[in-house]
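Labels for the chains are A, B, C, D and E, by order of writing; each one numbers its residues from 1.
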Amino acid sequence: MDWTALTLSLELGLWTVAILLPVSVLAGRWLAYARFPGKGAVEALVMLPLVLPPTVFGFYLLLAFGRNSPVGTFWQDTFGHQLVFTFEGLVVASVIFNLPFAIQPAQRGFEAIAPELREAAATCGMSPWKSLRKVELPLAWPGLMTAMVLTFAHTLGEFGIVLMIGGSIPGETRTIAIAIYDRVQAFDMRGAGIMSAVLVAISFTTITLTYLLSARIGRRLA
Amino acid sequence: EEPPVIAAASDLQFAVTEIAAAFTAETGQEVRLAFGSTGNFATQIREGAPFQLFMAADETFIAQLHAEGLTRDAGVPYAEGRIVVMAPHGSALKPDATLDNLARLLETGKLGKFAIANPDHAPYGLRAAEALRHRGLWDRIQPHLVLGENVSQTAQFALSGNADGGIIALSLALAPEVAARGDHALIPQDWHDPLLQRMVLLKDAGPVAEAFYGYMQSPPAREIMVRYGFVLPEEG
Amino acid sequence: MTLTVTLRAEAPIPLDLAFAVAPEELLALVGPSGSGKTTILRTIAGLWRPTTGRVAVDGECWLDTAAGLALPAHRRHVGVVFQTYALFPHMTAAQNVAAAMDRPDHTEAARLLDLVNLHGLSDRRPAQLSGGQQQRVALARALARKPAALLLDEPFSAVDRATRERLHAEILALRAHLKMPVVLVTHDMNEAQLLADRMVVIDRGRLLREGTTAAVMADPDALRALGIREVAALLPATVIGAEEDGLTRLDTATGPLFLPGIDSPPGTRLRVRIMAHDVILSRDRPMGLSAQNILPCTVTAIRPGDGPGVMVHLAVGDSVILARITRRAAAELALQPGDKAHAVLKSMSVARDHIA
Amino acid sequence: MTLTVTLRAEAPIPLDLAFAVAPEELLALVGPSGSGKTTILRTIAGLWRPTTGRVAVDGECWLDTAAGLALPAHRRHVGVVFQTYALFPHMTAAQNVAAAMDRPDHTEAARLLDLVNLHGLSDRRPAQLSGGQQQRVALARALARKPAALLLDEPFSAVDRATRERLHAEILALRAHLKMPVVLVTHDMNEAQLLADRMVVIDRGRLLREGTTAAVMADPDALRALGIREVAALLPATVIGAEEDGLTRLDTATGPLFLPGIDSPPGTRLRVRIMAHDVILSRDRPMGLSAQNILPCTVTAIRPGDGPGVMVHLAVGDSVILARITRRAAAELALQPGDKAHAVLKSMSVARDHIA
Amino acid sequence: MDWTALTLSLELGLWTVAILLPVSVLAGRWLAYARFPGKGAVEALVMLPLVLPPTVFGFYLLLAFGRNSPVGTFWQDTFGHQLVFTFEGLVVASVIFNLPFAIQPAQRGFEAIAPELREAAATCGMSPWKSLRKVELPLAWPGLMTAMVLTFAHTLGEFGIVLMIGGSIPGETRTIAIAIYDRVQAFDMRGAGIMSAVLVAISFTTITLTYLLSARIGRRLA
């Protein structure tokens, strides 16, 4: 069992979720409430990371973030090391690739809030920020939950992009998904089976607990 | 009747595509090509994949399938693969057959990332590891390695500019699209075990697959294979 | 803290009106269903924006389309009770009330819930409350804001009679205490007349009639638009004290009035709502009737209605009371403006909820 | 098609009561806010299940916990107007109405919307309708079902006075036409008394009083529970015809009654709601009063209340009317059971909405 | 441009959506309304196809559906041909893999319907089936939309499973994702770029149109 890889995957999942939670709240809320021409196009745009095969998407990201790219150069200049083939690179790629899973369900969550409740929040003197915290987040919580769980689960299993951007460096960018894949490719069925079983068991437990706690968290946010 | 499907290791991308075109031009018969990882193909064949001819990057898979009675016979070796060290234009790494430049970069701490295929399961990765071990660089190069899932992806790493270079198949390095992106140097054949590639007709093979199997061993095909850097069995 | 409102819009409903509400004043906004009452409250609260309009409280401008100004709803200091309550479903009653406070004060929230008769239900969520209970939470929440203007959209429609009376009293007390203008939308004319100082009658988004409650309620045109037949006048009175048989003696400009069920201490100044249809007229002082209150008065006007009734305006000191009698009776009594007459009023026909 | 209801539950509210409603009968379910009225309607409709209970209509059993039977809501043939309307937000008014029909009939939907005074609004969605308009769509939808029992939870609370009166008339006409039992929850006692044949008063989930509307409204205990001071009796009358001054002459057991604003044709049998506090008593026939209706009657009982008033029961032929007068007046008149007296009633004190 | 592969992908996407729409309606509705212990576990279970890398998940599916498996044998006996390495096999695998994307958003869509509206539907005499059609589907429509668009987009881009179960047979199981991947592997950047651009453009158009039409469809369902 490659515990390092598992830890790495869980960390990647948590980072992705942590970054995408505020992003999906802001973007989902904006898409839920705003009315403008071309909104359908923006919503479709959000979906596009899904339609390319991950390895190919990862390849284009590798070019876009590589050390010869503006992004890559900027990163190098700012942080003193390159973005691709690092854990940070994985997080950035994972955040981009999971945008559809995070934003769409969050948007639906906000759309499900009755407009009169937002109006009531405003007439109760709540600033948009307070209204978001006290009224909208708790009520959009099921949608945000879905967003986060889909993102987390999908990050655990993501292979193509992680491989392209990360380069499968043990302890740094070799996630459990890559490790399991390698075991399968090496015809180590026992090793692959054990890792898969552990991954599935841990995911199952995490997600179940998340669901059980989520109702409580949703309420406590109020 | 649909043309037969031929499963070929991904290092054959360029060579076999060209051979298939020549085959069609010559015989008027068509084949469908599927490139991928040798290991995956072996698994798929066990589960009933409708391939008629299997061209593996590693002959051990053929032997196993033969032992399981899934092939018509033990097949024939069709080529021996060679590996090269390759670096993109402008890289700090200047490829040389003895890997001296790589060793120097390592010593001076100037080496960035270096790509090889995953030696756990990719035949080209295993040979690359053997060569690096032979040259005494294996331990020191560990922190610099990025691992491709297969040799094609390794080439992408090596040439995308994000790594200083890598070890890939000669057959890829000679492909015009790849050759244009950098320089390569052939690693001595005796630094690693031979990459013996074997092909075999599967149980359901039809006449067209049989014809292609034969064509692969004919001079026109062999000429193309050589052009892509494969060492052919007889020349061994 | 005067609230002034001017608005004009074409869609979704043509609206065109203006009115003002003084601090401590309660304005009743009445009109048929669909006439635009809710829309007007929403405009004041900042939830709807008319084509042109101005809303200001105490000099502070909340909306001025001419100047391109429109304060967002949360920066307008209003308390609103919505027609549909709009309680936050994920919060308890107490949390709902506290949500309208700038800094949540749970003691205060509990006090407000007591005020609206919801003692012991503060930990229930809206789904666990009955319709009337939810409505009262909404009222408590609106009050919790300590608003500069209180906007009430049929705030007592789902509440039973006894609770409603209690809430009326609380609203009146609070209004005096907080010195805020209050706009009340209601279909209950009794409620409107008792609570409101002035009334605005709207129909299809237009102001039909505006004036003191007494004036509007005496105007047959305005009443016809409201489908109302119950004209009433308000007679100022001062509590003198309880008599031994339980009646309370009050003084009016024209003599004593004996009414049941008044708990206010001696000296309290009240307004007694006297329904025009409850008043019997007699030229001479009648004898041997069960009715206790016989008020001498002077006929000032006799206005025919469009039905079989006439409205007799009677001066009682400085005040006016109205008597709606049949044309036939008016003819029999041969009343003329300037005549002296007696208004006969039963003690019992003034119900407790007609006194404020 | 009699509707019989028995239920018992501990949570969320202790409920324990039983009642029945005959076909064509309208039962008013009244009680303080939170007493369980909505819960009872929900039980009948199949939206809530008591611990033990039985609901049957016309022999067809909808719920019988003893027998383990509980018909799902959609198989109970009820029409329900919810307190919160519960309109389908994605459908227009007409579609909402048609949604309750087994086979959508758009002509019929339009007719029902006309009936509730919503002509021209049939293509609006609920969000584009005012509160009162939504409530009327809900009523039309409940009627569209042609239900075996009609359950109305404060169905007129958001509707203005004029429309409300019109709806009252429609409900009464429909009830006779469709021969269905109707249960009406309301806080408006006038509404309850005019529309209902019988009343059930509940408090904290328990049946406090049940009986004919007349009996319940004459019962001080029941009324106190409701926080009501307006006792009234219903006097049967027959329309004779319009007089030239616009009053209508009606015949009662004790002589003629002159009332304004009655459009019904001669021969129509009506019930006139006479508020106890509107009745003035006199031993002798009073003269020179504006009041037109002076009904000879016999005192049958004098019941003290707990305040300064007494309730005088008066026999008027077979019927009873009630007069609420002060104890002081009763003493002055020295009334005793068996005495003859005159009940004085103003024509104008009987408003049009007090006649059904 | 490999039009055959593109057509194949679009067909696969449509079939997957067509099958998952009823599945997600039924399962999502059930999960939204039912209250039972262990519901969190069932919801977590639905997520599990996501946590394994697609190639590995595909590998296990290949073993589960292959010609030596009970499922494979059953399919062979019933339909006269094997399940794996056929378009049917791709559809089955794609349906299974997309379960999380379909069921979760659908569930949230149903949860967002106010209970009183379902009660109103019942008292209007609507059978559960009619209530579903006339009230619940239109109201849950945004959630179902999200489910379908995520599924469709994800099917277009899916690579690992399709490769394992399908075997990349041109004209039969080689989807546009595999074709693009092959182009990238072959360093045919121009070919890959064209194919990617066409795929992205078509997806973008399809999804935008779907969003624009969706409101209308949602309404017309009523």
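What we mean here is this: a contact is a pair of C-beta atoms (placed from the backbone, for glycine too) under 8 Å apart; a residue touches a chain by one contact, two chains touch by 3 or more.
Only a predicted model underlies this, so the values are computations on that prediction, with no experimental measurement involved.
J.: Shared touching chains for subunit C and subunit E?
T.: Touching subunit C as well as subunit E, we find A, D.
J.: Report the chain whose mean Cα position is at the greatest distance from that of subunit C.
T.: Measuring from the centre of subunit C, the most distant chain centre belongs to B.
J.: Could you state the distance in Å from the CA-based centre of subunit A to that of subunit C?
T.: Inter-chain centre distance comes to 56 Å.
J.: Taking the mean of the C-alpha atoms as each chain's centre, how many Å separate subunit B from subunit D?
T.: Each chain's C-alpha centroid was found; their separation is 91 Å.
J.: So the centre of each chain is just the mean of its C-alpha atoms; given that, what is the distance between subunit A and subunit B in Å?
T.: Spacing between the chain centres: roughly 36 Å.
J.: Could you work out how far the Cα centre of subunit C sits from that of subunit D, in whole Å?
T.: 25
J.: What positions in subunit B touch 2 or more of the other chains?
T.: Counting only residues that touch two or more other chains, subunit B contributes 40, 153, 156.
J.: If you look at subunit A, which of its residues touch at least two other chains?
T.: Those would be 55, 59, 181.
J.: Send over the residues of subunit D in touch with two or more other chains.
T.: Within subunit D, the residues that touch at least two other chains are 84.
J.: Strictly by the criterion at the top, what is the full list of touching chain pairs?
T.: The complete list of chain pairs in contact reads A-B, A-C, A-E, B-E, C-D, D-E.
J.: For subunit A, which residues count as touching subunit C in their complex?
T.: 114, 116-117, 119-128, 131, 134-135, 138-139, 218-219, 222
J.: In their shared complex, at which residues does subunit A touch subunit E?
T.: By the definition above, subunit A touches subunit E via 39-41, 43-45, 47-48, 50-57, 59-60, 100-101, 104-105, 107-109, 111-112, 142-143, 146, 149-150, 153-154, 156-160, 177-178, 180-181, 184, 192, 196, 199-200, 203-204, 207-212.
J.: Which residues of subunit B touch subunit A in the complex?
T.: The touching residues are 37, 39-40, 112-113, 115, 118, 120-122, 145-149, 153, 156-157, 160-163.
J.: For subunit E, which residues are in contact with subunit B within the complex?
T.: 55, 59, 62-63, 66-68, 72, 82, 84-85, 163-164, 167-172, 174, 182, 184-189
J.: Given the complex with subunit D, which residues does subunit C contribute to the contact?
T.: For this pair, the touching residues of subunit C are 12, 31-34, 37-38, 83-84, 128-133, 136, 153-154, 157-165, 187, 189, 226-230, 243, 245-247, 258, 260-261, 275-278, 280-284, 286, 288-292, 307-309, 323-330, 332-333, 344, 346-349, 351-353.
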